[in-house]
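Note that the chains are named A, B, C, D, E and F in the order they appear, and that numbering of residues resets to 1 at the start of each chain.
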């Protein structure tokens, strides 16, 4: 990396950033941090490399980071090639038996292993797993007002595989398919899986990469970013329309994780390079932090 | 299971089988056994369940079993659906860039996870991994007289991930794709990968499931089965045409594993239900055993 | 062992026996099983070797087996040679001071060490101990309507010596003499000692070798064997005369072991070779199983 | 214990004895000391209790003491009662098959367990074992100019059982019978067994209790005791008749133990109460010390 | 050490002292014993060496001994050299800011390290620490009817440093200065610190070296020594004037230690050489023992 | 700390500093770094706090930092108060017996404990030790052309105490006095002690805080700083006068540490706040780095 701030002034800045960062590094060392990865940060190759590079750096300083990813665009592309129609109901993919097989194959065999490979090239050691491995994610058919086919509702997380992977020094990269008692494979929403996994692991922190700066009073005005929210304020924010649409289930998932023992939940802007490092290791943080 | 041999006679038989089996069980407990799984035993659902059931039983009595699988038919089927032509050169699949991606996706995302799921339904705990995970299988382009595209030649096996999985109580199920230093994905022959993995693990035993009874002097006459062969006899058997065609590289791979410290290599008939149990836990064994 | 059932049929049988046995082997591995050894199986050299061979096989597959033995015939023979009269009161040996010394000497010095030696010849590693060692069996004079001299009533079992022996990889072979607080040596009934030891160890299983097939509705008709009994049924069976005489205290002892945490108590026919293996590792079992 | 030296003078003496003793206690803590016990100290009940009391005290302060005992008088008495003639050849008991059984029974079942019981009464925890247990003492027929029947020549000591016993906190009490490969039981000389065990354990110290004060230039004059001898001086002492008769093999056995790594060998007077404590924990020691 | 009691009589005495001492040695091995060291035993070089020699012997036999020392005379001498007036209020040194610095410097840098050095010369391994190290002694200004300046009242003992030192094999030598939350250094009374440390460590025993024989009904008559006192008798003894003046807070401190879990508290005569050994390792003990 | 660089630009800088720093943090985690502390950074209270703050931050991220300090000014001040003349020979303090006592007292009791206290106030846990503790620094009289009295030449470093302190989670703060075999206390040069300690610990890094920017070709021109030097260039730099005076022994000491296995030696400007953090955790480093 080229040195953009040389000399005594640069030394001051470095000292200041490091003095601020070291206590956070110490605070997180040995702790579990779950990163939910999706959106723009997943389709832009430069951002993808920046995120994976941050993940590797976190693991280098002893943080037990778990990467949970989605993969909608790749699934849609493969369904297209196979001539299978993508159908969405209430914003969720309707998953027939044939689609469920494609979801498993693409998520666990392509998206997941590609991330594992990239982490390897960047100097990390990752293990790509899905909810089938070690019976990690148990699920049943999600019941709702509309039938979604093989979309699953999580009934249990067996965290042993993730914990083993972390203890053995791997970065677990998790594709979110799950299985029923009889072996039926279900397609699981990645946000939901990430919050359930964070809750089951009693993670220190769950970080969700999104395509916006965070919660904002006025979406068009960055200066209206809400840096911190208490869960008790959520009802009012939803009632006031500040939180709406697809953001509601995301926020409710994070709330549930906090209630299960996760210490902190943050939504950060996946479009900002290295936003994970800035969030975790500086006094200011970025995005919106949710706490009990 | 229904009792087909009741009363005192049955007791005699049970006592005899058990008295014979227990020392073998004790011999293998804690030892690594690599099973190469392919052929008919992989496409027939009844045989597939019998093999996975044997794998689960081996792990129940403390044997550290590693399952290495192929997946040709499923790959061919998917390539067909995607309208990509399957082309074979010298009996090996020519693998262009697009095909390599499909191989990775199908082997690691479908075949592999389906086996993991079946083991789970049968009461075992498996972890599906491929050569990308933890940088397990390092490869480079296989050089030969004909170009095979992204077919890989193994340059190194990092056994740590398999060893961690075994220590943590999982049955590692291995899909044989590998990566180059730059992250390029290669398609790896499963027989070759199984013997290299067995050698790297210094396995006690490598068992290859095939579609014949073993080495036979006359393929059409089961009574000509050769139960045991020394590696020093291989040259003569090949010269005499007893070993020929695709069997030659299989046998040479097993020979190499033995030379690297594996104690015993056997080829058994995957079409016989529970042939793995019979091979490992009875005085007679079945198939052909190869030793130094 | 000669192969009495060759070819495909033999393979089927082997697969069937092994498929049935392996889950039991896994179930018992690492668990404590107490075997009470006495009767015909102790005086017939062929049966003695078959029993000791089973004991060695159990220990080979990781079962923590404890052998508790009697020794009446050898004691009587030695008393005879020494010109000391054997006298029985209520079916128990009247034990004067001189007899108590002979009991200790023969049980702990001859019967016990001979079994240890035989286990060694069969490939096992045994440690012969008696209730004096490590203060294992504490006793006081048994009070009853008739004076029995130095016959002891167990007041406490210190299981540490047995647990140390098991952890160190030995098969503990236990001669049942005990000591009072002042060092007085008492003669202890082996059935009683075995059930108290099983209870104190919270054994998985206690197996009593007897000279009959098990509990039978008609002693002269093998087909009337009662394969399983609940302890709540014992009163009725005693009242009905099905259980009578010396069998009553044996059964009550097993009942007490079950109430103290032992999972299963079985009485099997010591005259059937390898009856221990058949009982433990097949679906049918043999003899009579007693559970809560 | 009554206080025979009260007041300031007593304090001086206590301080002096303790100041002298503590470094020795520290020196021996955690070290293995083999005590060969026989002779008068074994037949006199008061001396027996004093010796066992010393053994218990040694173990209390963390010394890993191993007690190896003989038992000639009790064996002779039992043979007498059984009407079997005791015959001695070259000072060693001629042991026919019947005698060998009695030796095993009396040594391992009576003498040994009586010592274990006495140690228990005095507050220690002992484990009585013989060479049969755990295959500890392997032997073959002793060949010499005269046939001695089942008198054994030690071919190997497997120290694991003793080491396990010591690690588990027991005082191993060893009866010296051994077994051949086929399970034949041999009568082993206790002095020889003690030196071989000390050598195999690389003991810090071997202490032999005898019925004389030590090596003396004039047996009738206590003032001629030789407090320390180098092994290089033994030839001259034997040539000069100072060491003669049964003392020669004892001394040669100790010499062999020293050559195998035992640090110090001492012969002390078993007739002096607490001679073990005085030897080990005072500046002067008693008896004769043999070193390389 | 010269041998003042040779021959058989000497052997008897040694055996008697050792037989009495060994159970005490065993009792204290691995236990924590706090020794409060001050008074004449600290200024007389011969006594100082005898005490340090006892401390080394205790640690040799595995006792976890903690030495807490005062240092009044050396502090007074240094204050004198620096021309700072020593002023006492109610028997405690008035400590202004300048004096507090001298107290820290002399206690922690001179008295403490000189003791560490002497222990090293005598063969022990000591670690000199003060209440500042590892934040061991937390204190605040002692409030009372008269202002004492920087004299501290202990608010907490963090025992980890002492426990680490003991586990690592060092004899902790403790200088009694402490710090407030803001780093202010306080002068702490050594008797108080010793009892608080003993209480926090749940020590087995606290031994206070004083300049008298113990509690005496008539200070001028040694025969009126009270060898043992229960804490419930203290009120009466104080009311009766038997315990008076500076002895009252000492005794109350020991009482508090007992109430916090210390098993035994003794005051012994530091003027008697090796009084610590005699107290701990003989039946009689010396001085006065205080128990609940 | 106030935020001097807010907004997106600040985020960029933070990301850049952190991305650069994390690999260094990972590199040093668990490694031993010795910091030699003296000069201006020791007498200026602001710099002292910045240095101690850096030390605490290093320990927070798992670096095993050892602080070795001098203390000349405080020693001189105390000698002055006590009316003892400070005399220097060849730049080293002539140390008579009286001076040696003052050196020990001030260094170990005042300077050392004051640093420990400051580290404690800043949130770290330190243990103040000197070469007397645990016999850490063994020394003899330094022989040279002029007599220096009790100035010591190090004969051995026993690193166990430092290693124990590090393992137990303390920052060892080392005052450089040492002792001879007879307990004589010697005054040891802190630069020499630091390099010997670093060598004995096979430290990863030794950092010497000085009052200049590093080695400079022209002392008056900061731009002539030599950022890196190989030890093979030292002779030429000394011959050329670039390294001269008191800098020669400092540089030679660092050279010796490198030859003993220390990986890197750096001299940095103690007058720059947080120079330790900048040196260790940025790409540029500061000062002069010396390597083999």
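Quick notes on this one:
Everything below uses one rule, namely that a residue touches a chain if its C-beta (ideal position, glycine included) is under 8 Å from a C-beta of that chain, and two chains touch if they have at least 3 such contacts.
Predicted model only: the values in this text are computed from it and were never measured.
Following the contact convention of this document, B is the list of chains adjacent to both subunit A and subunit C.
Think of each touching pair as a link: the shortest run of links from subunit B to subunit F has 2 of them. Note on D-E: across the candidates A-F, A-B or E-F, the interface recurring with over half of the contact pairs conserved by residue number is A-F.
Of all residue numbers used at the contact between subunit A and subunit F, over half are used by both chains, marking a mostly same-residue interface.
Once the centre of each chain is set as its mean CA position, subunit C and subunit E turn out to be 60 Å apart. With each centre defined as the average position of its C-alpha atoms, the distance from subunit C to subunit F rounds to 72 Å.
Each chain gets one centre point, the mean of its Cα atoms, and the points for subunit C and subunit D are 36 Å apart. Taken pairwise by the contact criterion, the protein chains form one closed cycle in which every chain touches exactly two others. Think of the chains as beads on a loop: from subunit A toward subunit B, the beads read A, B, C, D, E, F.
Residues of subunit B that touch subunit C in their complex: 1, 3-6, 8, 10-11, 13-23, 25-26, 29, 53, 57, 60-62, 272-275, 277-278, 281-284, 286. The touching residues of subunit C, counted against subunit D in their complex, run 81-82, 101, 104-110, 112-113, 116-118, 120-121, 125-130, 132-135, 160-161, 164, 168, 170, 177, 179, 182-183, 185.
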